[in-house]
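A, B, C and D are the chain letters, set down in written order, and residue numbers restart from 1 in every chain.
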Amino acid sequence: MNKLWIDERYCKGCLICVDVCPAKAIKASKEINDWGYILPTEDDMNGCKACGLCELMCPDFAIAIEEVDE
Amino acid sequence: MSKEMKANNTNKRLHNVHLLKPGEYYLQGSQACIEGAIMAGCRVYGGYPITPASEIMEYASRRLPQVGGRFIQMEDEIASASLLIGASWGGAKALTATSSPGFSLMQEAISIAIMSETPMVIIDVQRPGPGQGYITASQEDVMQARWGHHGEGSIIALAPSSVQEMFDMTIEAFNLSEQWRTPVLVMAEEPVAHMRERLLIPPWNEIEIIDRKKPQDLGIMPENYLPWGHDIVAPMANWGEGYSVNFVALVHLEDGNITKYSPQMHYDCIERLFRKIEGNVNEIARIETKFLEGCKNLVICYGCVARTAMEAVIEARKEGGLDVGYLRLITLWPFPQERLRDIVGNVNTILVPEMNLGMMKHPITEALRDRFQKIVSIPSLGVLHSPEYILSKIYEEIR
Amino acid sequence: MESSGFIESEKGDGYERGDEVSHIERYEIRIAGFGGQGVVTIGRILGEAFTLYEGKNSVNTQSYGPESRGGACKSEVVVSDGEIRYPNVRKADVLIALSQVALEAYIADLKEGGILLLDPNSIKNMPDRHKYQVYEVPALEIAHDIGGARFQNSVALGALYPQIAHIINESSLLRAISENVPVETVEINIEAFKRGMSYVKRDEGK
Amino acid sequence: MKKHPMLKYLKEEGPLGQRMPLILCPGCGSGQILNYTLHAVDRIMNKDKIRKENFLFISGVGCSARLTSHYLNFDSAWTIHGRTLAIATGSLLANPAFKIIVFTGDGDTGSIGGNHFIHACRRNIDVTILCINNGVYGMTGGQVAPTTSVGTITTTTPYGNIEEAFDLCKLAETAGASYVARWTTAHPHQVIKSIMKGLRKKGTAFIEILSQCPVHNKLSPVAMLKKLKENTIQISKEKESGEGKSLIGEFCDLDKPEWNESYQKLIDQFDHEEGKS
């Protein structure tokens, strides 16, 4: 399964990644960062094909997908 | 720098090609100015036509392509001054020329250039104002030169008085701008820009050309480079040289970082800019004097008015037997206050002929406040003073 | 007439000077007329001739503004073997007046006994012939005769030359003409100069 | 931890400390456009073998301008409001080899810098202009922009905007730009393709990107992206259901003489003459 990395330092909680993910692999968490923004987190990563749309559409360079070979 | 970039860098390419050969010429001040600029290494000119400065850009449009440089007629003076910023950081020495209304439009870009420490040269062939004013001779921008731009930034401004000086002082302006990383103004007037006189081009190796200090030459690597640090005048990496310079004109740290704002950081940033120029006034500013030794009265002047003033002073001494000294400000800004106090003793009367209603009289008064009995302005609007006029004022005030 | 070119590469290598001429403290020449008569060009030619080919100092200034393109127009040359400080005419030694308006505007600044050169066909009211040395040349008429109105300035210059021959060589003026007029008109301009020179006559009055 | 792939082109830190995160508000379209731009630049660098130091980013003042400020690990300039293209022209005169990307806003381009904009297009100088159009003056507090649509309430049109909005693409095309396109932040792949095209094009490429300002529109970023998609239509489909929608797509793609190329011919003419003598 691929791994989702959220950069807490840069994320501003806009949740665009949650909306654009075609695999519905990302969801809003209950966690907030030091700025007070809600962080996204992994949902069901089974469908993630590392299409990169979340990385591409993130306004804050705060998300990264790590492809994991199994 | 990549190969392609090197090949296209107009500043390096065609260096020393098609320069005016040493010798005698009979040229207009406007032409001498461009020849001086080309001699200094200027390879970009951008401007907008305005009387009485248009001759400078017309001549630039002929000469620049001949020396491998580039000339462009921009859409307005705002664009022309902004263009210089881009050209300078792109690695070229760049020039524009304008007249008073255009000079007003350039003030924002001048302020940005002071803050970003961008070397560039602006020629202002002043014309009378306010408004459209008139198109003849004027010295009404000397205060705008110093105070026209927003913010607490100092400036260097020179005042040539002959065709030869239009050449020499344009070179000097480029040298000062490169040496101090700051915009430099040449405050010319219509008579100087349009008169024709002998221009002597000295042997090229006798002409001093100063280029900006580079981090490459000082062994500073990109990762340690501070575009506004290292020294009171920072070494300057041009764009395209691999130093990833982030040009900012907001209050910044020495590396260009803008997130660490504090009143102290603000003070340090601006105070250095101010000190860079005002603290080195004695190195930058030049004064010319004659008959100063123990003189009881003094004429202080600048620009082409100095020519008339000198004529009047000589006649007043010879025919009137009056004890009158002569002092010319070659550099208007930074104002050499201490130097002036060093060389001017106690006098009775100071006369200040200017083609305005008495502008430079103010800093002169401030500098010499306890050295004179009275200070008198000799104003002339729109026309160069005649020797008779200055002479009559000398007789009126001194006798 | 605009200069044919600008910086020629061989220029500035040093010049052969003409024969020795008189030393001058300050000599002032004013040329006045209307735009299009080549007033500015005469000034430039004189200035260049004095400076580059005679080794004297000279300052050439011109009236500036809308009037230099139509309307009144003047050009001035101040010559000296010493330093020229004030660049403009104070009291002219020479006035070339090519129109009635120009004559009226500038006659007051001409020295008593100064040289006044004019085109009699353009002047309605002749000035006091006993106060000045008045010379006449029908510059426009001669110019038309050899090629057109635009050569009248060279005719006038030719007419002036004999009066200032003590301070400048003919060769210097001819060289300055050929450097400052379009290449294809150099010969006609020189002919105009010679015609002016041979025609000019002193008007002693009656 | 794996980092975002484009962070390699940003200065998270400078010699004197931390520079990131970006100063922009949460969900701002400008950050997305920076992301798309860096993707395009990354591809151009790899495919066309263009070196990093050839790229130059210039911006003016406003939200869009903050993209350069001090974040980019390229040569960049954060300059004067509206004067961006004059400064870009200057850099190109000094060194025609620059690949210049200009970040500009709708106020920067359409209002204070309008004159420079049309003349840059007319001269066809070799720049790629990315105009981030969010229809509002964000940085100064949500005032009306020349691209704000009629009826919109802003902080300076409290009773609704009465002025027609500017069509900047039409303006660029008419003024003479070589390449003109419009997309939205909801079209990342198209934007990247257009930027690559623009960078490869000799001449002025104007790419307008309709963008979201969630703060001044008081909508969530996700809702705004959805709206941008709904309110735009491809040029080819205009006739079907184009009523009231903004056209997106490529408006023109021409090959015309670029300013520096034409000027180089002037210079070369003198080089030849020198060679002869």
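As a working rule, contacts are C-beta pairs under 8 Å (C-beta built on N, C-alpha and C of every residue); 3 or more make two chains touch, one makes a residue touch a chain.
No experiment lies behind these values; they were computed from the predicted model shown.
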item: Most distant chain from chain A by Cα centroid; value: C
item: Central chain (by mean CA position); value: B
item: Rounded Å distance, chain C centre to chain D centre (Cα mean); value: 59
item: Distance between chain centroids, defined by C-alpha means - chain A, chain B (Å); value: 56
item: Centre-of-Cα separation between chain D and chain A, whole angstrom; value: 27
item: Distance from the mean Cα position of chain C to that of chain A, given in whole angstrom; value: 85
item: Junction residues of chain A, two or more chains touched; value: none
item: Sequence positions of chain B contacting 2 or more other chains; value: none
item: Multi-chain contact sites of chain D, meaning residues that touch two or more partners; value: none
item: Chain contact graph, described as a line, ring, star, complete graph or other shape; value: line
item: Touching chain combinations (by label order); value: A-D, B-C, B-D
item: Residues on chain A engaged by chain D in the complex (per definition of touch); value: 3, 5, 7, 9-10, 12-16, 18-19, 37, 53, 55-66
item: Of chain D, residues touching chain A in the complex; value: 1-7, 10, 20-22, 24-32, 34-36, 39, 185, 188, 214, 220-222, 225
item: Complex contacts: residues of chain B adjacent to chain D; value: 1-2, 4-5, 7-11, 14, 17-18, 43-44, 46, 65-66, 68, 70, 72, 74-76, 78-80, 82-92, 94, 108-109, 112, 223-226, 239-250, 252-260
item: Interface residues, chain B side, partner chain C - complex; value: 20-26, 31, 51-52, 59, 62-63, 135-136, 190-191, 194-198, 201, 304, 307-308, 310-311, 314, 384, 386-388
item: Footprint of chain B on chain D - complex, ascending; value: 11, 14-19, 23, 51-54, 56, 58, 68-80, 83, 86-98, 115-116, 119, 259-260, 263, 266-267, 269-271, 274
